[in-house]
Amino acid sequence: MIEIENVRKSFGPLEVLKGINLTVAKGEVLTVIGGSGSGKSTLLTCINGLEPIDSGRILVDGVEVHAKSTDLNKLRQKIGIVFQQWNAFPHLTVLENVMLAQVKVLKRSKQQAEAEAAKQLNHVGLGDKLSVYPSRLSGGQQQRMAIARALAMSPDYMLFDEVTSALDPQLVGEVLDTLRMLASEGMTMICVTHEMKFAREVSDRVAFFHKGVMAEIAPPEELFGAPKDPELQKFLSATH
Amino acid sequence: MKTTLFTAGVLAAAALALPAQADKLDDIIASGTLRCAVVLDFPPMGSRDANNTPIGFDVDYCNDLATALGVTAEIVETTFPERIPALMSGSVDIAVASTSDTLERAKTVGFSIPYYAFENAVVAREGIEMATWEDMKGKVVGATAGTYEAIWLEGKVKEWGEGEFRPYQNQADVFLALSQGQLDATVATVEVSEANVKSGNFPGIKIVDKAPMVPDYVALITLREEYGLINYMNLFINQQVRTGRYAELYKKWVGEGAPADLTVQGVYR
Amino acid sequence: MRGRVPRIGHSCILPGAAMFNYNFRWNQALNSLPQMLEGALVTMEIAILSMAIGIAVAILLTLFRLSGNRLLGAISATWVEIARNTPALFQIYMVHFGLGGFGVHLSPYLSLLIGIAFNNAGYLAENFRGALKAIPETQTRAARSLGMSPLQAFKNVVMPQMLRISFLPMTNQMVWAILMTSLGAVVAMNTDLYGVTSELNARTFRTFELFALAAVIFYVITKVITLSAGLLAARLFRY
Amino acid sequence: MFDTSLTANDLIFLAQGAGMTLVVTAISVFFGTILGIVFGVFRYQVGPWWAAPLTFVLDIFRSIPLLIQLVLANAFVTTVLGIRISGFAVACGVLSLYTAAYCAEIVRGGIEAVPQTLRRAARSLGMTWGQDMTSIVMPLATRVALPSWIGLALGVMKDSALVYIVQVVELLKSTQILITRLQEPLFLLMICGLFYFLISFPIARFGGYLEKRWSND
């Protein structure tokens, strides 16, 4: 379970999170929508401790993320994150990309790591690209590789930060399909996305962020069908 | 560069085509300057005064020779390893640089008769146990690259098969290294050793023993084929001794007592 | 025609040499070739060792700079600026006689090695810094998000890319290291190629022939290094 | 702080050495740059095959220790050719060619960095080769090349410490001369090092600044 309690966060004078309260249960798929600069991406990076927070707290399975005593490296093994920019390690093959953290962080043996990597890469449909360098892959393929890389760490939670935003339109579909597959498998996921159709399909709940505030959160039929927040109404009419 | 080379080639060819060439002696007199290579980290033979003007036995000697030739002297500082290359490359006309008259060198440069003779001393740093020159065996020793004593010392180290020999680029570096303790001992001329010990510039060094070399006769050098100039220098050295100027310079730069005998018993030069 | 060989033709290999009033005696220099080649080995040894030390120290200095620690950052910056803004000759001289003043006595070999390594480390650290700028911050982020520690992220993700970007500058520095060995004479180094050559010169004074031969050997060494660096790069960096 | 016997005279002596360092550097960088531009443009213009001999010759200057270049050039010009020439002239000549060898690379790199499309656009507007070169290529290539060129000039200044080998008394040599007499090696070397540093560091920083400013837009 991920519990977010009254989290505030500023970059200099700019307050990007103004007291967020949110709980994500095991097995739940939450999508976060909202305009740019609404703070939704920042929230994700705060959840796995890549960004410090100013006040409030975030608990992951009861462990406080930003407590001094927390071993972040250990915690991050539980929480996979995939970014808008896929960040393939260019000097490693696809297989090595997925193996690296397993060997270095989880201390898995090379064989184990290789087997797991191959499994996850097959899973995302890259089974035939194992020994290729990332530069030979399309953006969509690289993004799927990044997903496999995160999944290979056997995380309990997955965070997706606008994973399709940097992709050419014709490549978006293959990545969303991968996400759908994960959702159907029961992975706990928080997806920040602009893909409304996708959000409507896969989410258990959808949250709308506006200017650092979570303006509305509801199951998709409700949120898209009968939006209450005026900003959300504006947002939806603009995106449709 | 290419044009220079080409021009130079043409000039050289043209020069060769001319029948007779003036020799260096004529050149010097015509140019009005005598360019002497002098080593200036080698007191009392060559050093610099508080104004960094060159002074010393060799400097005076060069000036005397220039006066005799009726020209002005130009002192060109060189290091020991550089003095013969400087001569060969024509940067200087002669070297008044305490050059030992070895047979190996005579294959390349032309020697005058000796103008001075050194004895060499073994100088050690104070912390080191050393009674005679043979105690240098197995020690770290050094001398100025390309000098008579360096060649001798390196030979000894090879012969002993132990210890280490280090050739520094100049005499000052040798004594600096010795004073710092980087070297255990060195071999240098008695004059230089005494001057350096006395100056106090190099604390912690002492003269141990005479080095067992035959007196190190040093001569003036110029190009091998410049017989006219060599002949002139020979006569000049003879005159220096004859007129008492040699003894005078000795007294001025080295000290009391009789200057070294420049003749060798039983043979003509 | 078995008569007396004319003086100029005797040992003169260079055509047209008679044009100059100089007799080339290449035989003497060629006779010293084995000694000079031995010196070349020492030169290469020093260059390779100084490079290995230099790369290791440069990585350390880069980490210092990244650490955010003021003192470590200052040490790194001072090192880099001194190495880059004073002559290498000065640096080598300082290692020998400067440290000597404090009672630290290094052999000529070590003085030269450390002096060159000091110079290498400074230039390479600066190269690494430039290379780091070319690696997106998000690479570290991605590595960290997979649970890697900062050091693990640097070692496994950033450093390999950094070394690739700096590979050409590193090759250049290696060539520089070779050329810098020639400065060892100021600290009484006499076993490297330059030292051997100048000692032979002090004995025979065939300056032009000896140093021309040394120049050819240096040229060959640097070519071998750039060529093998190219081959190495092709093997190492297939991406 | 330091108890030294260094006198005003000695400082003047050092300053003369420093002056010599700067003069040798200035002359070499001046001629080296002119030659380097000529060689660099030539290499770019005629293509790698025709420029091969020039490339080879310039490469030699970058593959042989400067010390050996100086010794060889001195021995060649004076001993082999028998030309009476000062060490100063040899030093400037060798350093100029040495500078040119590196400068040619920088110039070529600068020209290559100017996008072909831009040059085609210039030519399509009816500009001649010369106009294209002077008003399009030169300003843009200079931006790329200037920081490297500054680095080169500073490199030449530091490398000029080696011209002592042809009897030119520059800064490091005059420092050594003073060390010989005063026996204060550490102190004097510090002064010498500081001098190089004080000239090199600000200019290097300026080069870094230019590089940063120009690469950002």
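A few notes on this one:
To keep things simple, chains are lettered A, B, C and D as they appear, and every chain counts its residues starting from 1.
As a convention for this text, a residue touches a chain if its C-beta (ideal position, glycine included) is under 8 Å from a C-beta of that chain, and two chains touch if they have at least 3 such contacts.
Here the structure is a predicted model, which means the values were calculated and not measured.
When you average the Cα atoms of each chain and compare centres, the chain farthest from subunit D turns out to be A. Put simply, the chain nearest the middle, going by average C-alpha positions, is C. Between the Cα centres of subunit A and subunit D there is a gap of 54 Å.
Measuring from the averaged C-alpha position of subunit A to that of subunit C gives a distance of 49 Å. Rounded to whole angstrom units, the spacing between the C-alpha centres of subunit A and subunit B is 81. As a whole-number value, the distance joining the C-alpha centres of subunit B and subunit C reads 34 Å. Touching of two or more other chains is recorded for residues 9, 12, 15, 85, 88-89, 176 of subunit B. Residue positions of subunit D touching 2 or more other chains: 71, 75, 79, 81-82, 185. Chain-to-chain contact here is organised irregularly, matching neither a line nor a ring nor a star, and falling short of all pairs touching. The set of touching chain pairs reads A-C, B-C, B-D, C-D, using the touch definition from the header. By the touch rule above, subunit A contacts subunit C in their complex via residues 48, 50, 73-77, 80-81, 83, 85, 87, 89-93, 100-101, 104-106, 133-135, 146, 149-150, 153. Taken in their complex, subunit D has these residues touching subunit C: 60, 62-69, 71-72, 75-76, 79-82, 154, 158-159, 161-162, 172, 185-186, 189, 192-193, 196-197, 200-201, 204. Listing the residues of subunit B that touch subunit C in their complex gives 9, 12-13, 15-16, 81, 84-85, 88-89, 104-105, 107-109, 142, 145-146, 151, 164-169, 173, 176-177, 180-182. By the touch rule above, subunit B contacts subunit D in their complex via residues 1, 4-5, 8-9, 11-12, 15, 40-41, 47-48, 50-52, 76-78, 82, 85-86, 88-91, 170-172, 176, 179, 199, 201-202. Per the touch definition, subunit C reaches subunit A in the complex via residues 136, 138-139, 141-149, 152, 156-157, 160-161, 164, 237-239.
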